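The following blocks contain the structures, represented as structure tokens.
You will see chain A twice below: alongside chain B first, and alongside chain C after that.
Right after this comes the complex of A and B.
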């Protein structure tokens, strides 16, 4: 177990270092495109000069990378070129907002898809089963940004129950969290249902029923326990996908989280912010990867190392 | 007169018989038939849209403005699906957008499928150190958030369809590679592959002639899902301004435009949005049907 955690931990760290080099290098060798894209010609010379000064672009890229790493170690992520806000502050406030949104979406996903998936599998072809499959099909077909538009029109424009955008209390969280979770609910619902169905056809289930275990116990304890590994493995993929979708959903709802700030900084070519936020997101991806491996390892001790990829 | 008599299918003809069986199976499934019809409709509309995009001189169909006929609801005279805020015909704009989606989805999926086939079959067939290295790359890449990659790449290069395409392809190849690797490992032990090896057939030739043809079904299934996924990613990024750039009426752009008129006239967003949902619904359910036909055990994740 310790060996597993160590080897995966080292791999995660290596991947993060490689990714951080790629991000820093990529953003630094592209200053030409900054000059191309800064639309205001009066601003162009200033922006390029500013960028060169701040990033020390006259230094070799490797030196720049280590300067950047040293600054990060000291807690200094730099300053936004445009708003002059400290990047550390953007990460702190945005990170908290994104954690709230992502957490709400993850809770919503599992609290809806797991019980519904198990019920659908236990009562195959019942109304519950068909209803949940309809949710699954629609959830996967309707792109989340279009779902956002429909929900805003219904709940914010027509009914005026919920705010259309922005940040505030729990009311501001409901629509973005539902939109963010919609696809994950759909996919997870199908996965839980299929996995439980597969377990229910196994011999041990017949044995359990034969020895008189209650149907509720058979489904909710035994079948569900053994149906978990694929759900947990997929959890890692799902969290990474959710992380990606926060970029879109936060922009749609103008929700000031990390995703909104990252897209905003990329659109405004605010490289100091874009670079730091991209690294935060990549760290999240690597962390989720690691947690998914760990969860998979714990849920299915028989699978070691190689087995997982096949 | 039945179709068989007209076309005169020889009864012993294997591929034709298998194709017919597969189609019978596919159309026995109601949901899959609907999916197949939607997917076929998308291809037809998409090809028309591609022609409009690619042939010069046809752009007036979706750019002609008429402010006297702005924001018309669907079923207006001369405009079946209504018009947008500049009085441009929404039907033509949706057709053009579908064309962009089709071209984008198919091109990106074809590229990542080709990369995935090469990487997956080498890793699965040869095993050993090649497998360890390639599997490491596959494991990390598979499931990396495409949207995040596209946004970061958009920061390094200038935003546009090309960047989105690169981002999608550099993640989805791993999906193909992962599945093909697993299939290559299981095929590696089959008698016909051993027989070929015993006869002295070279590795690359075995992969191309014996392994790949046997994986075609499951690869195509995965392909339909990935076309749908690529279309959604492109639309999502166009929607937030990092995909197709404004004059190009991609479906994401159309929905984004419609969003500005949501409280005045929801149709401008609902028409392209519904088209988008139908396309994705069609591709996904068609893929599900194909999956059941080709390999009931294959999972989409």
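Right after this comes the complex of A and C.
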């Protein structure tokens, strides 16, 4: 177990190093500069040069990179060139908002897809099964930005039940969370159904029935327990995908989370913010992959044992 | 007219007890196929007395497992009981309600299967699985069910039961897993145990131990056993009576020692002859040429006739009926072994 965590830790550190180089370099080779955006177009040439000197943007990229790394090591993420807010503060408030949205989407995903998937598997070809497969097909076929437009049109413009955008209470979370979760619900629903179905055809299911276990126990405890490993592994992939989709969904709903801030800072070439947020996203991806591995590890007695021995 | 097979004097054959514990009459099982239904168990009638071990022998695909699953009402989705009755102490299992059937499974009729390793849930400890069998039928505390499970483990000869409780199936050997299966089946003190090739996946020494164990449990618990096997050799060691199945139907049924000495049906004789070590020493192993006919394409007459070594003219045309003999045995053959 210790070895498992350690090896993943080293791998994560390597990913971070490579990613930080890519982020830092990538932002700077992109055409356009922060100076173009914040300076007055009338006396641009002078102002740009002045600003670049002040911010150190005239230095070679490699020098800028090491300055960036040194600052991060010291816990200093810098300040937004545009709004003057500290990057740490942007990460904290945006992170909290994204956590709320992502959490809502993840809860929605599991609370819908797991029970529905199990029921669909237990009653194959029933109305429940066919209905849930229809949901799955729609969820996978409709792109989330389009779904967002449809839902805003219906629930915000026509029915006026929910706000179209922005941040506030639970009401502001509903539409973005549904849009964010739609694909995950669809994929997870199919996965749970297929995995439970596979388990239901196993020999041990017959043994359970032969000893008089109730059908509910057979399906909801035994088949589901054995169907879990792929679902848990996919959970990591899913959280990672949800994180990525926040870039789209938060922008559409003008929801001030990390995704919104990242897109905004990249468009404005707000290097300090963009670099830090990109690393936060990478950290998220690495963390979710690790959690998926760990979950898989714990869910499967055989793997758990091999890990303990080796 | 089909004589309702084995007759009334069976109870005496079956050993102590009032009458047959299990009485299967004219049981048929159909498999729904795209090309139309196929009868895989055809008009099977059997009785098992209390404390009796009945062997059910036949080649793969003859319908013996389907018969067992039909008794438990655990047939695969594509199969259905097409007719007949299965009386357990007078209660017809074919017509009983699903919830009542669940109560019967495990508590009154238990079953063990061929593959002990895959027949246990890999995600739960074996102790948990045995405890679960108790609690499926009795509202007892965890402590009581644990003690019962421990007793059951001891009864089937698992040393240090408590230490094995926390093991997962993959940590145990095949023989030990089969003992766990037996412990699980017997923990609720069922009256009938259906054993579907329980020793086939095990090596010979373990097989011998399990056979001894079953015989011993029969005496201790007055357990009735339906022992299913493709191996006449194994069945002859354990069963009081044997029923031989071929292509979905019973072709011969009778007392084991009697049948071993004087089989009447030619298929039975061929099966007995193919037990290794029974022929002349160092002779080639005897086999039965050909294969069991496909359930969709069975011969019109005797189903064994294409493989029979002494067919007569009726064999191809007339399907032989099960003939009852005076000694409570019966067989289905136009040209029986003299």
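Basically, the second predicted complex is superposed on the first by the 266 of 310 C-alpha atoms of A that agree within 3 Å, B and C clash if a C-alpha of one lies under 4 Å from a C-alpha of the other, contacts with A are read in each partner's own complex, and residues count from 1 in each chain.
Basically, a contact is a pair of C-beta atoms (placed from the backbone, for glycine too) under 8 Å apart; a residue touches a chain by one contact, two chains touch by 3 or more.
In this text, all values refer to a predicted model and were calculated from it rather than measured experimentally.
Bringing the complexes onto one copy of chain A puts chain B beside chain C with no clash. Vectors from the Cα centre of chain A to those of chain B and chain C enclose 80° in the overlay, to the nearest 10.
When the two complexes are overlaid on their common chain A, residue A:213 makes contact with chain C while staying clear of chain B. Annotation for chain A, partner touching more residues between chain B and chain C: B.
Once the two complexes are laid over each other on the shared chain, residue contacts for A:281 go to chain B alone; chain C is not touched. In the superposed model, A:202 makes contact with chain C only, not with chain B. Of the two partner chains placed by superposition, A:89 touches none, neither chain B nor chain C. In the superposition on chain A, contact is made by A:222 with chain C only, not with chain B.
This overlay, made by fitting chain A, leaves chain B and chain C with a least C-alpha separation of 14 Å.
Contacts from chain A toward chain B in the complex involve residues 11, 15, 23, 26-27, 30, 33, 36-37, 137, 140-146, 149-150, 152-153, 157, 187, 191, 194, 230, 234, 236-237, 240-241, 243-245, 247-248, 251-252, 262-263, 265-267, 269, 271, 274, 278, 281-282, 285, 289, 309-310. If you check the complex, the residues on chain A that touch chain C are 202-204, 206-215, 217, 222, 225-226, 301-302, 305. Contact residues of chain B toward chain A in the complex are 31, 135-136, 138-140, 142-148, 151-159, 178, 181-182, 185, 232, 235-237, 239-242, 252, 255-256, 258-259, 262-263, 266, 269-270, 273, 276-278, 280-281, 284-285, 299, 301. On chain C, the positions that touch chain A within their shared complex are 72, 74, 102-107, 110-111, 113, 115, 118-124, 132-133, 136-137, 168, 170-171, 181, 184-185, 188.
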